[in-house]
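In the part that follows, the structures are each spelled out as structure tokens.
Two complexes are shown next, each including subunit A; its partner changes from subunit B in the first to subunit C in the second.
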Partner chain A sequence: MTSNFRCGLISAAMLLIHANAAEAHIVAARLGDFYTGALHPLTDVQDIVLWIAMGVLAGSLGSTKGRWLILVFPLGLLAGSALGHRFGVASTGLADAAMMLALGLMLAAAARIPTSLLCPLAFGLAVIRGAANGVDLGPETDRLLFATGLVCMGYVVMTLTMALTLAFRSTAPDGSASWRTIAIRALGGWIAAIGLMMAGLVLAS
Partner chain B sequence: MTAIRYLRLALLLFAMIVLPSALSAHEAAMGVLEFREVRPGAFIGRWTMEPSIGAARVDLRVPSHCLLRLPEMNCGQKGLVGSITIGNLGSNMSVVLIKVIPITGEPRSYTISTANPVVSILGTGAPTLEAWIELAKVYVNYGIDHILLGADHLLFVLGLIWIVGGGWRLVKTITAFTIGHSASLAAAAFGLIGVPERPLNACIALSIAFVGVEIVKQQRGETGLTARHPWAVAFTFGLVHGIGFAGALAGLGLERRLLPAALLFFNVGVEIGQLAFVLLVLALIWAHRRLDAALPRWGEALPAYVIGSVSMFWFFGRIARVFAAI
Partner chain C sequence: MCPRIVRSLPAAIVAFVLAQPAFAHEQAGVAGGLVSGLLHPATGIDHLIAMVAVGIWGAQLGAPAIWVLPITFPLVMAVGGVLGIMRVPLPMPEVAIALSALILGVAVASRLRLPFAAAAAIVAVFAIFHGHAHGAELPGSANPLAYGVGFVTATGLLHLCGIAIGTLTRWPAGERIIQGLGAGIAGLGCYFLAQGLGAIA
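Right, the complex of A and B next:
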């Protein structure tokens, strides 16, 4: 790998990590604060990767465990949004990277997490990301509408991701693990790798 | 029977308000601005009637490709195509008449007012391909925005999906709603029917309450009118909702010759938004089934009561506004 290519790769990664919310502000001008809140997470790579990782992890554990997150995750986002506004706390790059690494490793190891651990994990993640989304809003933003949009998007993304994972992870008629299960574990490996790379970049900068 | 009575009441209320409404004239702080084309795409503008706030204080916004430095305005090869608006309309200046006098062809006038804050200009000559693309872009986007911001329309569609479920019945129902609102949108936009906005909005809220009642009846094991003839209910209330869409279109001060095309593009936008919403709801229903995530027995009626309560809240608020305006 040449040094130019390496530099380019690192720069691209840095740009992705520091994706800003400019697109969401265009939405704000056009469709109001509900849609700003709904689309705000989609402008941030941390949200996209972490939400999907959580959804895939919950979906891979089966519907009995996963369905709790339909309620828990949006509630966590709501709590985080309120906390972010009240105390001005936001997630750090290192915390996001650590969460990505942890979720990725759990997926890769196909860890059988009990519901009593899955729910607090999802709630904690949602609180941290909710705070990160709600912390840097301008005074002109209607916070209630923004939070409602964020919570609705959390519900939609989590529900659809879990259901799609369940549908994808079909086992063979004899009950043996199919290539699909292996694909989900490989995805976990990728998520862990992204987390590790992000942590390295944050520490290096 | 109650459902039929309810539908009759809604239709009666609708019929009472579907009467061309008279316009009441009132004195306005008016200005008249004339743009005369001196060479293709280049205009000289002058105030033939200056507004009371003074010409210099008028915040005139022209299409982004036009360079405005009164008395000159240069729109280049593209010509004067796009939206014109005034940012500071108010009680001191409520109406501005804009006259465009092209080198060739008939002069045209556009009225910008607090009721019609934006006018769309397709061009002074024969419409070019660029002008049509511009028009399509503006009105398809406007249609999408209108349906996505119209929580009442979306709530009605959600209620229909809730009652009908999926499959061909849903396709027929949504198609009937589309035909209904497209027909009344066209009729209202062409001035065949005139409906005062405030009572119409109250009627739209009532249509959602009707769907809420129908959901409750279905959950009690009764077969309501919507469950029996979903397409008829969707078509009937589609007519009501379509006039509501036309109200949004009327606020743009369209040229008469552009109206059919703008109407088509606006309707396409509304359909895109509606289809996206229906697909999202169907995807979520599928996801809930896949996850075996259903509401507990005690909470089954909750969505219907939420829909009903929200719609009645809107209805009383909108009725209050009707009486406040009298």
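Right, the complex of A and C next:
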């Protein structure tokens, strides 16, 4: 056995002895609460339906009006997360149903609501959903990381939904976007119907 | 037959006879979730044919009915659903649902062209009765949102099915197929009406 080979063998053995477990994800580095905050709204149908409804409504109004929500919606989530932690939240079932109904009706009617109404509406929705997301956190959760994840996800979902809606409305090869507008309005009718059903079930229970 | 197959046949038969359903999800059988809402409108044949007939009739009537129906019908049906959930009684709901299949089937078969307002009013009245029946049958343990999402999506998809079938009207042969389909729906409506009135068991 040559000295070089012996030396290499010893070095390899030392490396193997001192080997640590490899962490493929940075969850173990205490960034897990960021991902918890980001993924938490995606596990709740209420958040998914309401966020998408708001994004589609903003997108259907055009980029000039809708772009404000890229800032307003995440800020509302941040405020709601803080408020939910501080004051707690009662059941949001009826409020969620009412918002679904209102957003769905506006979409179905193709209402041209002004920015001055759209922004407070989005902010109010974000505050309620942010509070609902942030209220059940355990004491071991890093609230700042959770809120950051929630805000980032709000930004991503709102931006993507608006962008997809805008692209869907405007990419007709022949220039006519009639059936696409009808599809968006039909989606609004479905969202309003879901809200109405949910309101009835919540009231009955 | 090969003796080996003959020997293993009884074991195979016993295995098939003793087979039980496999549940991939632990919440299988729980009423009131998304799947329950999705399946509910599709499990009653009287509801199903009426929903499809509405779509076909909308396609026959053309604009604006073809696009107003998918927007407004689920909403009007949800109003009926809320009435059903709240236990608000409606007169003879089963007869009204059977009548909806009969009348919508006749409308499709005869290519009935009513003014849009009249057609919308007929469909809206029937939508309330259908929604009421679904709401009244709703399990108490239902998850409100999941059930609502499933129910409305299934209803909307049934209409879209009807509208897709209705596009056959562009071809003469397709038009005849649709009229035959309408006659079949009307026939089924007659059967359900007789059942609702107690004429047959």
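Just so we're on the same page, the second predicted complex is superposed on the first by the 165 of 205 C-alpha atoms of A that agree within 3 Å, B and C clash if a C-alpha of one lies under 4 Å from a C-alpha of the other, contacts with A are read in each partner's own complex, and residues count from 1 in each chain.
The rule is simple: a residue touches a chain if its C-beta (ideal position, glycine included) is under 8 Å from a C-beta of that chain, and two chains touch if they have at least 3 such contacts.
Source: prediction; values computed, not measured.
Put subunit B and subunit C next to each other and count what each touches on subunit A; the higher total goes to C.
Of the two partner chains placed around the shared chain by superposition, subunit B is the only one that A:63 touches, whereas subunit C remains out of contact. Touch criterion met: A:32 reaches subunit B, while subunit C stays clear of it.
Of the two partner chains placed by superposition, only subunit C is touched by A:188; subunit B is not.
By the document's definition of touching, of the two partners only subunit C reaches A:205; subunit B does not. In the superposition on chain A, A:119 contacts neither subunit B nor subunit C. The residues of subunit A shared by its contacts with subunit B and with subunit C come to none at all.
Against subunit A, in their complex, subunit C makes its touches with residues 34, 67, 70-75, 77-79, 81-82, 85-86, 135, 138, 140, 142, 144-149, 151-153, 155-156. For subunit A in complex with subunit B, the touching residues are 30-32, 35, 63-64, 66-67, 70, 156, 159-160, 162-164, 166-167. Of all the residues in subunit A, the ones that touch subunit C in their complex are 45-46, 49, 93, 96-97, 104, 108, 179, 182, 185-186, 188-190, 192-205.
Contact residues on subunit B toward subunit A in their complex (touch as defined above): 145, 148-149, 280, 283-284, 286-288, 290-293.
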